[in-house]
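These are the structures in question, set out in turn.
You will see two complexes here that share chain A, one where it goes with chain B and one where it goes with chain C.
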Partner chain A sequence: MPIVFEGVSYSYTAPAKPKDAKKPRIKAKEASIPGERPAWGNAPDALWAIHDIDFTLEDGDFLGIAGHTGSGKSTLIQHMNGLIHPTLGRVLIDGTDIADKKAASRIRGKVGLVFQYPEHQLFAANVYDDVAFGPRNLGLPPDEVDRCVRDALAQVSLDFDSLRTASPFELSGGQQRRVAFAGVLAMRPSTLILDEPVAGLDPATRNSFLNLIAELHRQGLTVVLVSHNMNDLARLCNRVLVLKEGQQFALGSPQEVFAHADELKAIGLGVPSAQGLANRLVAQGVPLGDISAALSPRRTAANPEGATKRLYDIESLADELAALYKAQPAAGAIQPEETVHEGQAGGPYA
Partner chain B sequence: MIVFKDTGFTYDGESFVLKDLGLSLEKGSFTCILGGNGSGKSTLAKHINALLVPDEGSVSVLGLDTRDEQNTYLIRSNAGMVFQNPDDQLVASLIENDVAFGPENLGIPNPELRQRVTQALAEVGLQGFERHETSALSGGQKQRVAIAGVLAMDPQILILDEASAMLDPRGRKGLARVCAQLNQRGMTIVMITHFMEEAALADRVIVLQAGRAVLDGSPEEVLTQADGLEHLNLDVPFACKLSIELQKRGVPVKTHISEDALKEELCQLFLRA
Partner chain C sequence: MPEIAIIGRYWPGTSPLHRMDPRAKLLMSLAVMAVILCAQGFVGLGVCAFFTFGLFVLARIPLKAAFKSIAPLAFIIVIAALLNIFFEQGGQTLVQWGFLQISSKGLYQAAFSGLRLLLLLLSMSLLTLTTATLDITDAFEHLLAPFARIGLPAHELSMIMGIALKFLPQFVFEVQTIYRAQISRGATFAKSPLKGGFQMLGSLMVPLFTSAFRHAETLSAAMDARCYHGGPGRTRLHDLRFGSRDRNAVFVLSGVLAAVIAANLLV
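Coming up: the complex of A and B.
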């Protein structure tokens, strides 16, 4: 069920009216009045919250969306399940334009959107009713609803029997968020969109949540993850979309996107920690990923671009630095430690 | 300046959130408090400005016992607190009104009031924003306005309870910079956070677990204890993780907590002429 964005733009000052889908949804004149109140974000003269977004979310994708506050991330993801409609351009899901109300309501159960701090939206007296709210609204029969709730709670590793009657408000923050998650999963979506799903959690809870999301993706869900954390995006995603002031700034594999550390920094974003350090080392002339250069007596010139040939994580960066260290002709002053550490030095050059 | 003595606290009368806590925070110090969810961090913070008072032992702030209600007013006007959610703590629609709210309640007369507002906004890098609407600010700016509101009361202690949790990286850096500057000017800062990069800025790091201080020392001492931190459900700083991975592979580097220091050592190692 690919989701196709075709030249999608959205303005909060001149939103589309879905009823008039047939008519041109906005007069061009109206959309380009300069000096109007900013639509969104930081740029005072920005009229477009997102502008000319053009990409396809394929089945099985794990797409990361990054961007500075106000860059249009939340506006963009709300287009994916028809919560808002493009002012210009269109969003196609399975080939159908979701500006059509009927089409939008058909797909809304298929595209699950988990907002920031979803636990703020818990409302029911017990966990069961909260999770069952979605499937009941889809008009499913009670036994089917029951199965949805059981499956969804199992998916988020919560115990059905002990929690079904518990009030969601008496659970810990991490459990509350799992319940909120389950409420979306109970609709059996094929695409899951998560807006900063681990914000405000402690490191241990964060990791278990990210593992849960990765597991859902492995089970076949298409996942869209909005995050400020470049380490998470690099580790989990197969593609990353970077937004800048509502426009597509970069789209590609994590390796392609994070190679442009300086440009990302200029728009207020970072790169994954290991990649950032690798870029800085290469910029200083450390011949990362180039053992032969390390062997030659002449050091390679500093590489101001700081571009590396691959995307590093902590393990691979440590592997290559260790390989470089061992390859250094002058490093032989103290040798005996090598045998001790050989067993642990797994990696391509060990 | 802030002394916890055998402090115990319970919300329900049964399980203690803080237990036998003994701590002394110096005037002018910058302390960072770490701990997993439910370790008692926020409860500890709320004891510093007498939002909570201990059930066992005592807490004294500026030499004043927080259990004595007569001290509450003086303690609160000297220990300002900034909370997690930027949207929860702004009270007025114009920035200057919001920042003036605290000192106005203290009864500060007008020429001085205005001067305090102007100065407080300058200290958080928002000079000239007096007449802006609070609703149009980013999360990071809102937190800085909240800090300005505290600063305008001219407190000696600033407490930040996960004040950066909802901010993006740029907002977080801005907030950390403001804290470091205030500390240099002598303000005592207590910062509660999950972010190790922020802990590295402090001059003392305390790790709580189940209401007790289990690790306490300089950032270098505490943050390099990788095994201990993982045990306590905390992250280890990136530079420290990589240092340890390199040591395992036989590269002789020190265990660093700052990426800059690690980068310097690696450059020396690989680029010595």
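Coming up: the complex of A and C.
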């Protein structure tokens, strides 16, 4: 069930209405009437919340979306299940334009959208009813609903029997988020869209949540992850989309996207920390990723931008540094011991 | 969910009207309403309309924005006009349709009361369009201060009012988010309340209330951290002062009142 964005633009000043879906859409010129300002998001007088977005979300993708605050991430993902409709362009799911209200409500069970702080949307008297809200809205029979709820709670590793009658408001923050998460999973979506799913969680809960998301992706779900954390994006995603002021700034594999460290920095984003360290090492003259260059450090000096040819995570960076150290234990120019110190510096326990 | 229009949302500006003392503005807007209610004929209303539109020009607020801000209340005008058309009888009968009849006096009354209501709403919205909510609550507190002697908690009342007004946009935003989240979970809000719609409504209202309590706790902690105690002796950064602008406003308004009374007597 691929989701295709075809030149999608969205404007708060001239939002398209579903009933106009059959008429020709507003022309760009007409949409540029100065009017009310958007209540949040981009620069107050920017016309487009998102502009000319063009990509396809394939089945089995793990797409990361990054961007500065107000760059249109939330607006973009709300197009994916027809909550908002593009002012220009169209969103196709399985080849059907979801500007149509009926088509949009049909796909809502298939495309699960988890908003930021989903625990703030809990409402039912007990966990069971809250998780069952989605499946019931889909019109499933009670025994089917029951199975959905059991499966969903098991997926988020919550105990069905001890929690089913508990009030969601008595749970801890992390458990509340799990319940809210289960509420979306219970609809058995084939695509899961997550807006900052680990914001405000403690490190342990955060990790178990990210592992849960990775596990769901392994089980065959298509996942879209909006995050400010480049480490998470580099580790989990197979594709990354970077937005800048509502425009598509970069789209590609994490290797491709994070190769442009300086450009990312210019729009207020960073690169994964291991990659950042690798870039700085290269800029300092450590011949990473290029064994032949290790013999003549001058060659890396021709690469002042500090971009490396591959994307490093902590393990691969450590391996490479160890390999370099073994290759040239006596070379004075490299001094890998110092880089190890640099990596640890700043910690209070150093 | 359509964006919820807020009646008379503050329209930032630096016009003389914006810079008037909020206390004076609050009292004057009451006076303007009294003047409009004084008018007994179209000529009097015409004077009021001229004056009201003049104020909008002075405040540099486009008329379109003015009408937009009172649009949610337009139904009151329509209902009032319709009631007058059908229940005010007299003069020539123009249309007779079953038991319904429209007379010339009914039409006249409908137009008159419709126009009067429109002017009342416009002049009321002018206060909130040109005054920030905090200034309005300050003015409110000052005007209630004399009653504090007989035990009226003037400061608390205005603080409650101010906080409520300040949080309105926040809650509008949150309702929109909750609404979208529940729609994503297959909720349909078009259903009748009797057919399972209560649960739908609950899925909106319960999160809204929990968030209101959450905000209340955070806000009270934040106020506490800033040593707020609300008691007497609290000073302000910007003290309210009456100025020449406010005196002039009294003169202008007296002039308008005189003109309206003259119109009532002469026409």
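Methods note: the second predicted complex is superposed on the first by the 307 of 350 C-alpha atoms of A that agree within 3 Å, B and C clash if a C-alpha of one lies under 4 Å from a C-alpha of the other, contacts with A are read in each partner's own complex, and residues count from 1 in each chain.
Note that in this section a residue touches a chain if its C-beta (ideal position, glycine included) is under 8 Å from a C-beta of that chain, and two chains touch if they have at least 3 such contacts.
Bear in mind that the values here come from a model prediction, so they are computed numbers and not experimental data.
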item: Partner chain(s) touched by A:G173 [first = chain B, second = chain C, both, neither]; value: first
item: Chain B versus chain C as contact partner of A:G109, first or second or both or neither; value: second
item: Chain touching more of chain A, residue-wise (chain B, chain C); value: B
item: Touched partner set for A:A274, first chain B, second chain C, both or neither; value: first
item: Partner chain in contact with A:A318 - chain B first, chain C second, else both or neither; value: first
item: Touching partner for A:L225 - first (chain B), second (chain C), both, neither; value: neither
item: Parts of chain A lying in touch with chain C, wherever the complex brings them together; value: 39-40, 78, 81, 83, 105, 108-109, 112-113, 115, 118, 120-124, 133-134, 137-138, 169, 183-184, 187
item: Complex interface listing, chain A residues touching chain B; value: 42, 68-70, 172-174, 199-205, 228, 268-270, 273-274, 276-277, 280-281, 284-287, 294, 299, 314-315, 317-319, 321-322, 324-326, 328, 330, 334, 337-338, 340-342, 344-345, 347
item: Partner chain A, residues of chain C touching it in the complex; value: 3, 169, 173, 177-178, 180-188, 199, 202-207, 210-211
item: Residue ranges of chain B in contact with chain A within the complex; value: 36-38, 84, 138-140, 162, 165-166, 168-171, 194, 233-235, 238, 241-242, 245-246, 248-252, 259, 262-263, 266-267, 269-273
